[in-house]
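What follows is chain A paired twice: with chain B in the first complex and chain C in the second.
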Partner chain A sequence: MSTSPLLLAMLGDARLPSGGHTQSAGLEPALRAGLTPAGVPAYLRSRLRTVTRVEAGTAVVARAVAAGGGDLAEVEAAWAARTPSPALRANGRRLGRGYLRVLQTLWPGPVDARARTWSRPVVLGLLAHRAALAPADVARLVGYDDVQTATAALLKLEPQDPLLTAAWVNGLLPDIDEMAAQVARLRTPEQIPAHGAPLIERWAETHDTATERLFSA
Partner chain B sequence: MTGTTGPTRLSVAPTASRSRVHHTTGHLTVRVMDQDADGARVGLLATQALLLSGDHVRIEVDVAPGAWLDVVETTGTVAYGGDAPSSWTIDAAVGDGAVLTWEGKPFVVSDGTAVHRGTRLRLHGTGRALMQEKVVLGRAGQSGGDLTTSLDATDDTGPVQVEHLDLGRQARRMPGVFGDLRSMDTVTALGWSPGPVGEPAAGTTGPGETYFPLDRSGAVLRWMGIGRFRDRLCDPAFADWRDEAMRARPHEPAQV
Partner chain C sequence: MPENTTATAPVRAMRLGVAGPVGTGKSSLIATLCRALAGELRLGVITNDIYTDEDARFLRSAGVLDPERIRPVETGACPHTAIRDDVTANLLAAEDMEADFGPLDLVVIESGGDNLTATFSPALVDAQLFVLDVAGGGDVVRKGGPGIARADLLVINKTDLGPYVGVDVARMAREGREAREGSPVVALSRHDEASVRTLTDWVRDALTRYRTGNHAPVDPGPMAPHFHADQDAGDAGDAHPHTHAHGPTHPDGTTDADGTADAHHGHAPANAGHGA
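Now for the complex of A and B:
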């Protein structure tokens, strides 16, 4: 199964109106906690091994469950059990509603009534099934989106040369591919990785109560 | 040491007069400290030097429907370095209306160690579990070896909390994982969602406590810090949440 390269480009494009502009991939609180701009590539590798891998694995499994006619609520429960931070769960579900609008407009069809409460990776998995996106590609999309989200947010939080951050993204592409290859064969909710990042989870909770912030998460 | 020692098994069930406590000695043995018709408070004692390279400590616990079990580790545990990895795993089943509480003592990961701590919990019906886990990376003057932890908790509906932490020397220093922190105290309530105890301070940096209400029927209070356990909230939270869990049991222990 191969994905249309243009479809993947469109879904990975920041101009897709899915709500991504409100996001920093946790970078805003990470910088407040002392992360330096030079540490951003390491921060992103760290996410690809932990929280982003959970998201990508969830999307791959949601795609497989949707393809098999299974219950996506079980995938949502598995994701929620692997996401201890209520701030990150609420954020993921807000983004899920954004992707649900994309799904219903571009790939219309019957959708479970509970889909409005599902998180982004679960809705993205359903979208991947409808749009005929290969498993590894939906995982790549999650990883790529995370990396681009953080580097784009960095340009607003601590302005850098945009070519420097583009070079970082380019340098991280093999890491994204590696992560995608590791989760592409997952099929069932129990198989979803559960790698936590205790500081990212703590920062997410702190950020949720911050009064002065540019990004919602 | 080889891994030939069998699991430590512990089960408790209510009877009309005095709860029935069964145990099989492994790396650990069990001493009953307090007991009523429905349950018991037990101490876990090491039967040999623990935790050496190659040791695989397994503790299997069964709390029958309606029973209560309060487990106390009598001493902290040091995981010593060596060629072979070691592990400490708990596998517990908690029946309908039952309560399992487990007050862990510090688990110290020495230099040169590769150790895994695994916890598997299966809750049934209205069963509740409360676990406290304190880990320290390194003895005095050390930075500590490789630690991985896993928690896999389910109830009759599905997963409640699933978490794998890679606190190996390389992985934990990555930004957002554990940084240069050295110790972690985690109190996990499953089967109900107790509120926060005190006021966990929203901190912008690493050290401090965070309260995480889980998506369904559970809550976690986690403290992370640089060195010794200086947290103010985890021990009081464990005590309060244990009282809450015990009060909610369908039949109060018989007064004698």
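Now for the complex of A and C:
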């Protein structure tokens, strides 16, 4: 795979117009439930071991299934089965539509009519296949996006020195790489990890009905 | 994916942005529009509140439209981004609204009351109003900015409050027209039926132009207007509309003398509503 590392940089850049600025990676409800800003790096490590690993694994498998001409609806079903919060499923599918716009504009080609209902990791997997992004890189992208999303949201919710949060992200890069390495070789839907994070899922449900919120999820 | 081109008669509803600072009466103006137009047009409304869904709740409680047709979008504390730099969330909401209730004639998108510089991207809306109010001070029109100078329509709202806040409404409206070099200004009070009619007539006009393919979305732009002292200035790459010393009207539909790509400026059709 000779894809430029700049492709990963571009896809991981917050300036990519995919609707990412509406997201907090669950941080907004987590802070409301009592998480302190100092606890954010640990919160992010927990996500990398649970919900984010599920997302990354799904993206890697979707990429492999797309490459093999398989049915991505099966990957979507596997992701949904591992995402018990309806709010997180709805949010993931909204984000999927945002990435579908990116995909269809930057890497145009025929897309399954059901793609509009697919979640972000499934669409990202398809995008990775089209754009020739390596499996480990699409997993890195999911992990990096999650970490950057939460730390950027923290600056809105509980402002810190932005260099402090940048240092947190830098400190988490090995964790992201480790997570990516663990899912990079997955190929089939049943191999997608199924780690739950019950508090994150419960907070997502609470957040979904909150009338005062900055972020969608 | 050309989301928002209108070279030929469009198939989707016109998207009308309503921008302007907090508290100038954007939600109330939308309620007024819904009340006046719901009988003749199929409407949907998308709100962009910063912290709450207050605007959506206000509009739902106003009883002017089926509550299902009023939907809030979260903007991640970036109301500016949501209508300009990354319009994804609003575009998806507009698509959903049409998928659920279509066909619609008009989808109104209310910005989350940002500052004077926040205007809608033409990638999201076909036309936009910029709303000021007399209670914010008569001098605000003189502060200028893209919305005041170059939105498709400038609304000076709450004119009935003029006497109570010491603002000369006629003068404020005149200065608004001066700031816009004659582009339309509506001095509005929801208690003044004639002013409401002027507003709704403008919306009907804009919709007609949109449907006949005679309307090109115009970006009011983040920049100060520039003038063509040198007509050969190489600025064909600019995405914002020019403001010309001779006024922006091109009644004969000709392009600018400098021959720059006027397709995305859309002067002639966009300004057909002069004098409203």
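Keep in mind that, in the parts below, the second predicted complex is superposed on the first by the 215 of 217 C-alpha atoms of A that agree within 3 Å, B and C clash if a C-alpha of one lies under 4 Å from a C-alpha of the other, contacts with A are read in each partner's own complex, and residues count from 1 in each chain.
Just so we're on the same page, contacts are C-beta pairs under 8 Å (C-beta built on N, C-alpha and C of every residue); 3 or more make two chains touch, one makes a residue touch a chain.
Nothing here was measured: the structure is a model prediction, and the numbers come from that model.
In the superposed model on chain A, is it clash or fit for chain B and chain C?
These partners fit in the superposed model.
Quick check for you: in the superposed arrangement, does A:39 touch first (chain B), second (chain C), both or neither?
first
Once chain A of both complexes is superposed, is A:203 in touch with chain B (first), chain C (second), both, or neither?
A:203: touches chain B, not chain C.
After the superposition on chain A, what is the angle at the C-alpha centre of chain A formed with the C-alpha centres of chain B and chain C, rounded to the nearest 10 degrees?
After superposition on chain A, the angle is 120 degrees.
If we overlay the two complexes on their shared chain A, which of chain B and chain C does A:140 touch? Say first, second, both or neither.
Neither: A:140 stays clear of chain B and chain C.
Output check: A:97 vs chain B and chain C. Expected answer is one of first, second, both, neither. What do you get?
It touches chain C, and chain B stays clear.
Can you tell me whether chain B or chain C touches more residues on chain A?
Counting residues of chain A touched by each partner, the higher count goes to B.
Answer with first, second, both or neither: which of chain B and chain C does A:216 touch in the superposed model?
In the superposed model, A:216 contacts chain C only, not chain B.
Which holds for A:29: it touches chain B only (first), chain C only (second), both, or neither?
first
For A:129, using the defined touch cut-off, is the partner it touches chain B, chain C, both, or neither? Pick first, second, both or neither.
Neither: A:129 stays clear of chain B and chain C.
Quick one: minimum Cα-Cα distance, chain B versus chain C, in the superposed arrangement, integer Å.
Result, nearest C-alpha distance in the overlay: 17 Å.
Show which residues of chain B lie in contact with chain A when the two form their complex.
Those residues of chain B that touch chain A are 150, 152-153, 157-166, 171, 174-179, 181, 184, 202-206, 208, 210-216, 220, 222, 224.
Show me the residue ranges of chain C that touch chain A in the complex, using the header's touch definition.
Interface residues on the chain C side: 1, 50-53, 57, 73-78, 81-82, 85-89, 91-92.
Which of the residues in chain A end up touching chain B in this complex?
Interface residues on chain A, with respect to chain B: 26, 29-30, 32-35, 39, 42-43, 45-47, 49-50, 74, 77-78, 80-86, 89, 189-190, 193-203, 205-206, 209.
With touch defined as at the start, can you tell me which chain A residues reach chain C in the complex?
Answer in residue numbers: 15, 17-24, 94, 97-98, 101, 104-105, 153, 156, 211-216.
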